[in-house]
Amino acid sequence: MAPLAPRTGDAVFANVERVNAELFTLTYGAIVRQLLTDLEEVEEVNKQLDQMGYNIGIRLIDEFLAKSNVSRCVDFKETADVIAKVGLKMFLGVTASVTNWDVDGTSCSLVLEDNPLVDFVELPDTCQGLYYCNILSGVIRGALEMVSMKTEVTWVRDMLRGDDAYELRLKLLKQVPEEYPYKDDE
Amino acid sequence: MQFFGGSDISPSPPVATGSGSNGHMMYVFNRNGICLLYREWNRPLRTLSSQQDHKLMFGLLFSLKSFTAKMDPTSVDKGNLGVPQLPGQGCSFHSFRTNTFKLSFMESPSGIKIILVTNPKTGDLRESLKYIYNLYVEYVVKNPLYSPGTPIKCELFNTSLDQYVKNLA
Amino acid sequence: MIVCIAVVGHQNNPLYLQSFTEADDALKLHHIVHCSLDVIDERVNNPKKTGPTLNETFLGLLYPTENYKVYGYLTNTKVKFILVTTDLDVRDADVRNFFRRFHSAYVDAVSNPFHVPGKKITSRTFAERVSTIVKSFGLSTAV
Amino acid sequence: MVGREVSESCVDSMIIEMVSSYCDRFCSAKPELAARRIEAIGYQVGLQLSERYTMERPRFSDHLEAIKFICKDFWSELFKKQIDNLKTNHRGTFVLQDNRFRWLTRMSIDPSETNANTSDDPSVATTESKSAQSASMHLYFPCGIIRGALTNLGIPCAVSADMSNLPACSFVVRIKA
Amino acid sequence: MEDYPEELRTPPVTLVSIVGFPELHSTISTYLHSEQPPINTLALPDFSKISVMARNPKDKTLDSSSAQPGGILKKDWLLKHRTRSPAVIAALILLNGYRVVARGRNAKTVVVVVQSTENDEVSEDRIIALRKRAEVDSKYLLNFVSDASQLKESLNRLGSTFAELANTYYREEGKRIKARIEKKNTNSLELIIRYCFKVAVYAEFRRDWVEALKFYEEAYHTLREMIGVSIRLPPIQRLIEIKTVAEQLCFKVSTLLLHGGKVIEAMTWFRKHIVCYKKLVGAPDVVFLHWEWVSRQFLVFAELLETSSVTVPNTSSQLSVMLEKGLTEWEFNPAHYYQLAAHYLREKRLCLEVVLSVSEASPSSAADGIESGSVSVIPSVFIGQFSQLFEQEDAFRTQPLTDAEYILYAIAEGKRFQDSFEIIALFKKSFEMYNNLKAQRMASYCGHLMAIEYFTIGDFSNAKQLFDGVANLYRKEGWVALLWEVLGYLRECSRRLSSVKDFVEYSLQMAALPISSSSGSQPSDYKRKYGPSGPASLSQRQSIHNEVFELLRGEYTLSSNEGSSDLKVEADRPVHLEIDPISPLRVVLLASVAFHEQVVKPGASSSLTLSLLSQLPQPVEINHLEIQFNQPESNFIITSPQRSLLDVRSGDQQDLRVETAPFLTLHTNKWLRLTYDMKSDQSGKLECLSVIAKLGPYFTIICRAESPASMDALPLWKFEDHVETLPTKDPGLAFSGQKIIQIEEQDPQIDLVLGVTGPALVGESFLVPVTVTSKGHNVCFGELKINLVDARGGGLVSPRESEPFSNDSHHVQLLNVLGPDGEYESQSGPDNIRSIQHSFGLVSVPLLNFGESWSCKLEIKWQKPKPVMLYVSLGYLPSSNEAKEQKVHVHKSLQIEGKTALAISHHFMFPFRRDPLLLRIVKPIPGSDPTTSLAFKETSILVVNARNCTEVPLRLMSISVEVDGDDTGRSCRVQQGGGSLPSQPLLVPGEEFKQVFSIIPEVYLQSVGVGTVCLRWRRESGLEEQTSSSIIAAGAVTRHKLPDVNVEMVPLVVSLECPPYTILGEPFTCYVKIQNKTKLLQEIKYSLADSQSFVLSGSHNDTIFVMPKSEHILGFKLVPLASGSQQLPRVTVTSVRYSAGFQPSLAAATVFIFPSKPHFEMEDKVTENKASLLMNEQIS
């Protein structure tokens, strides 16, 4: 019997348990603010947000795979697409467009017009240099790493900093094959 | 019982046909070959230490996968034998049967490997493995107290797993 | 015309105060708003005197100064909105409608994670939103 | 953005991660400090949520009304269900019980540890208490939310929670006179 | 309102005039005045004076003709009608002395015939004749009897008639005028107004308020029409007149409304009044008059409200009306109107100032004329008009003013008044009213305006005081913009008052205010919109900051505009500021101090983090800091390397430790964090008290140190949105950091041993040996504290329980402290302070050097068996110089059980084979234990047993029965059976000891105290060695109170006599002896049962008589048939009189029978036997 075809983002989102976004948005906002108070340095906050995102990513990947019936993530191009169309949709209810690939197809941009993280948010002047949505890049990085793609994810555009959209740059560093963990001489 | 927050994503547990309790044991490995879970329901004869046991099982799968990939008549690029591959890369087997037992195997792209050893007569268990994978997501990954990559110690998971495997075709 | 709109915290501290007059009687407006707090206290403390129904957020006309009318609104979270207008005949419906829209603007403003509860609202978006609401005051009949 | 939704697991995993980073990374040494921060985060959320959810409704005339609001509308906004049982001693203490608290439904304590309670090996006992502690860490956030909401409604209070029988959870609200 | 004429302020009162008979006038007028409604009287001695009555012929012409009237209302009209034109004229005449009655126009006439007494007859025809002449209706011809009997009723008659007539008079007058209005025979508005006014007044005379109101209002409206149309007067004065009249009418209307209880109507009316006149400003030169007028309107209305004490409506109906009228609570409150009055008066003042400034610029001739007073302006006959009065030749002549002249006049008038005081007064009034209403913000607003007024008239101390009050409120509620303004004034005031310190403080506060230039970006127009320091802005803050710091550096002198003293800060005039947590200067400098540990060992070091924060807009350079602690020797100084220590090392602080910091510059809202090591050898708490910052040569700030833990949000800033930072990097410290650290006392090097054995026994004085041994420390000024506490909680004292054996009620008592060798501590050395209470003791320990030890014994006595905690603590100095060292303490505690040593019990018996007949006269009360009865004057036996219930052997020293203190003398004789204790017996644990006493009751009483068993004992062994001490030797006493017994007379005593043993087959005799102790003949029946073991002779049963006071003996001879101990045949003796039977007990009736004659010495055996037998026998 053939494995089920991967589902469309809408189908998945329609079927997962959803909650109203306010709780999500406000909680994230509160976390960021608390981090700013505790860590004082904006750079440090960016780092920690990314780290948190990473940890979330390595958890979420399995749920994603389980519910989207995606059976293989070998090709980077495909994978990027799946993230943009299915992954983001399934969790945040928004989709991104995948654009400007580089020639050797190892880096591309995810462009979001809007995302629930930033509702109500307005960066104070004291927090310039903060990548508010940095958790998102972390999540993607973590998730990709779980499907053995070491990537580098960075923000190119950020509406909170006055840009016209949110643009994430994905760069595939290498694909790590799984190797045999045990010493043979055991 | 409400497993998946009412979502119909996961296959509804395949109907248990025939008498239950023909599951022998089950392994869950993560991508680093760490045995997250070993569960046994019926294994009259145990010869090896559990580490040895786990190691052998992982080794078996590992090489079996590269074999099958190597043997694959359809795909062009054949890494030489034993060369590690990406999870989900190339073709993969999903079960084999001996005269005494059947081993069913599934691997998620994230490298989670679920091995279910049952008696030789059991039918195709791919859906069941998928279902178990979903159980894993719901009760292990989403358990606030579980930190990824560590051995699984979740009541909820174990109970629902046993429950499910008990009446498995 | 609305000459001033203010948000006052539950410790009677100003959270936001914007005047829309060319004449720089900003201070005067500050005083008017500040004084109107007494009326609100009065209204809330002995509700029998309040005109509008008990515990309604809209407090109605607080008091007329010689050339202004001052209206009040008290949220469930003890935050006060105070509206100062020069129009002498104002339709209650308009004021209510104004406050409703203003309230939702306020709520979004305080939902900004960088807004520290109980502190001044410095959001630009809020300011813009408020000015549009103010401009449209009285134009549309109450929704 | 009215009626906007995200998948539940977004919220769940974010809260899980938030708790664990505070417990294990930022304040690993001092759990009480971690607790304080987590509670603070919840507090702000509660503050803002109460601001949103009390729009368009007349002011509460007394404490009980406000608490009821928390139990009914507020709770169902967050968890799609109401508090199952509200008790009070009429002297400023309220107990809100949720028989199936959404954020605990998937929490399961390590079975080996739970049965280790019976064994009198101290080391096991300590690990058990450790896991119990880390479990309780997850309750500071909802406690903070409740406290934030009530405080914002003009009811300064202290909130604690008990989850002795999962997935039920009861929150104890003590109003500061 | 006071400056309105009286006639306007009060409702008019009917006026009548009486002529003739002056002697009666006072009586009549007082009577009339006391009538309800009252009537005023205009009394004329005779008709010659009648001219005083108002009657100006011009009236007629003026009123009727439609010729242009000179004004609207005549000033004196109202007065006239109240004082000079009566409604009724009454002529008092004697019948004979009759003259013609002059009649006032329209006034009603009454002729009153006065009679001295009623009985002098008035003939009918004369009356008629009189009436004819006087042309008065008969019913207006009254006669008035002046003598007392009739006076009253005559007066009544008079009164009623007058009232009635007056009423008709005013009605007619009213009608007359009304007619004119209706006739519309004039188109002159003035007249219409005047008529309406008059009608209204007449109505008022009649107390017809409704009509009055109606016509006043009509007048008012008509007046309104006049504006613009009338051209009678030059425009300015025209307006003035109209306003003046309007004011009067409005006053009348609102008064009537308010007194009629129509509050809301009054409000709305007044509001309309203001609205329609407010715009009529008039010519620019006299605008001030307008504002003055407006102000007066408010003032008057305020006063009206206040006097007619209105309340805010609270019925729903009124409320709804109020709402749709758009009224609010505050408009029911005079304060509101006073405030407005003040406000407009201010307006007036300002306009006037402008005008004056102009007129001063161009002094005109006419002005001089007017000011020089050659021409004088006087109010004209018409209300609100003025005309000037010329003096020509000898005649005065008035002529109307030109507007120009009028203006000059008005200005001149305006100048004469100092409005500010009025303004202040008004604001004060509303200020106080608002305060009473708890409307603090409105009040403080008034206060604020008041202060500004003071400021403008240069009363700075008053201004400052008020401003300070206001500032507090704004500060509390964080109204920065307002606070800025007020501080601006305060700063100016203190400059003018030449107080540098205040000036500095206010300046610093302003500089530190949370104002970013974005806010308060106002056009820089200073005109009275902002305080003296202009609009709030960042740049302003900075300039103020710079200014004040220049001043503080002494580079700049402050010119207090009095020019008197220039203010300079210099060496002999330095500035010290103190900042505590509640000071508003806290935003200028905040010092948070946190130790990194809570507790530290003496001498060990702990880090201390000092964090400074300032909100001043510019960086602040600190020369050096001095940190002060409660332990002065810990104080230290922080300098930055840039600074030389020279200025630091000032005077006394030579020895202070000096630290350096990389830099000591405070930047706006950035924490300056410094961390240093601290150590102290002094145990106890080490607290950082304050941080002294020296900025510049002459300026220091003493800043109270605050713990981060207890540091709440900063004042003012707490309402501002800015990212908050923590005083310390480490968040933990930031939340829990304390400025106090606890320094432990060094650990003792002393052994304190409580050597004690076993549980204590109740009654004994138990000794607890305490040993202090020095292991390293010397013990100086050592002191031993001893404390006894009930182990089960609850005190050792229980006054409730009666304690039979202890004179005081302590269960456990610390009796004494004995020296090591058991003699009293007190003897050892005079220097030895020592106090012992029941549960507390204090003993001083002699100086011990290393290795030495000292010990004592605590003597504790238990009165009750209960466990006790014994706490012993030793406090000492490790070395002899008290100065530095601190006491070190060692604590020991121990629980000691208290046990009862001996359990004592007892019982009574009768002698063997001797049985007195006890009749038990007293029946024991049911429930109470039956008291034992003893036979009077008969021997009974008391057996006492004592059981050792301890774990240690006890030596019994003595046992005795003692008389209780309370009962007097011996009630019964007690002898110790078997003499006193052979040798003090030793009781091993659990062993019992018996002692026998014989008791012979010697009084015949219901209940007789037998006494108390006293057992003297002591521990054997164990504590042997310590018994050297005297008290111990005495041993402990355990007491056992014997219950009272009931002594009875005994009528009969039956005793059985027979040998203790006999030999088989050998006959023997036994006797039953019956003693009759009474004076009566006693009939006794007796019977003797058979027995197998004996053959007996003698009668089996019989009745005998026993003589009084004598005895009868029955004898039986018996031959034993069986050996062993055998029962004698049963004898039963029955006393008929007492119907009491008697049988010897089995034991008593047993005899031992030897099979054959045994061989041993018999005599003493028998006694032996008796003694032992005595023991086991009970009273039956």
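Brief remarks on what is shown
Residue numbering begins at 1 within each chain, and the chains themselves are lettered A, B, C, D and E in the order written.
Keep in mind that, in the parts below, contacts are C-beta pairs under 8 Å (C-beta built on N, C-alpha and C of every residue); 3 or more make two chains touch, one makes a residue touch a chain.
Nothing here was measured: the structure is a model prediction, and the numbers come from that model.
Touching chain A and chain B together: D. Among the remaining chains, B is positioned farthest from chain E, on the basis of C-alpha centroids. Two chain pairs, A-C and A-D, are weighed by contacting C-beta pairs, with A-D ahead.
Closest chain to the protein centre (all Cα atoms averaged), using per-chain Cα means: E. Chain centres here are Cα averages; for chain A and chain D they lie 28 Å apart. With each centre defined as the average position of its C-alpha atoms, the distance from chain A to chain E rounds to 63 Å.
Between chain C and chain E, the centres computed from C-alpha atoms are 39 Å apart.
Within chain A, contacts with two or more other chains are made by residues 16-17, 22, 26, 28-30, 33, 38, 55, 59, 63, 119, 124, 127. Residue positions 8-9, 13, 15-16, 20, 44, 48, 52 of chain D each touch two or more of the other chains.
Touching of two or more other chains is recorded for residues 111, 113, 122 of chain C.
Chain A makes touch with chain D in their complex at residues 13, 16-24, 26-31, 33-34, 38, 48, 51-52, 55-56, 59-60, 63, 90-93, 116, 119, 135. Across the interface of their complex, chain B is touched by residues 1, 3, 12, 15-17, 55, 58-59, 61-63, 65-67, 70-74, 146-148, 175, 177-182, 186 of chain A.
Within the complex formed with chain B, the residues of chain D that make contact are 8-9, 12-13, 15-16, 19-20, 103, 106-114, 131, 134-135, 138. Chain contact summary for the complex, chain B toward chain D: residues 5, 138-139, 142-145, 147, 153-158. Those residues of chain E lying in contact with chain C across their complex are 312, 314, 319, 322-323, 326, 328-331, 336, 340, 343, 434, 439-442, 445, 448, 477-482, 485, 520, 522-523, 525, 529-530, 535, 718-721, 724.
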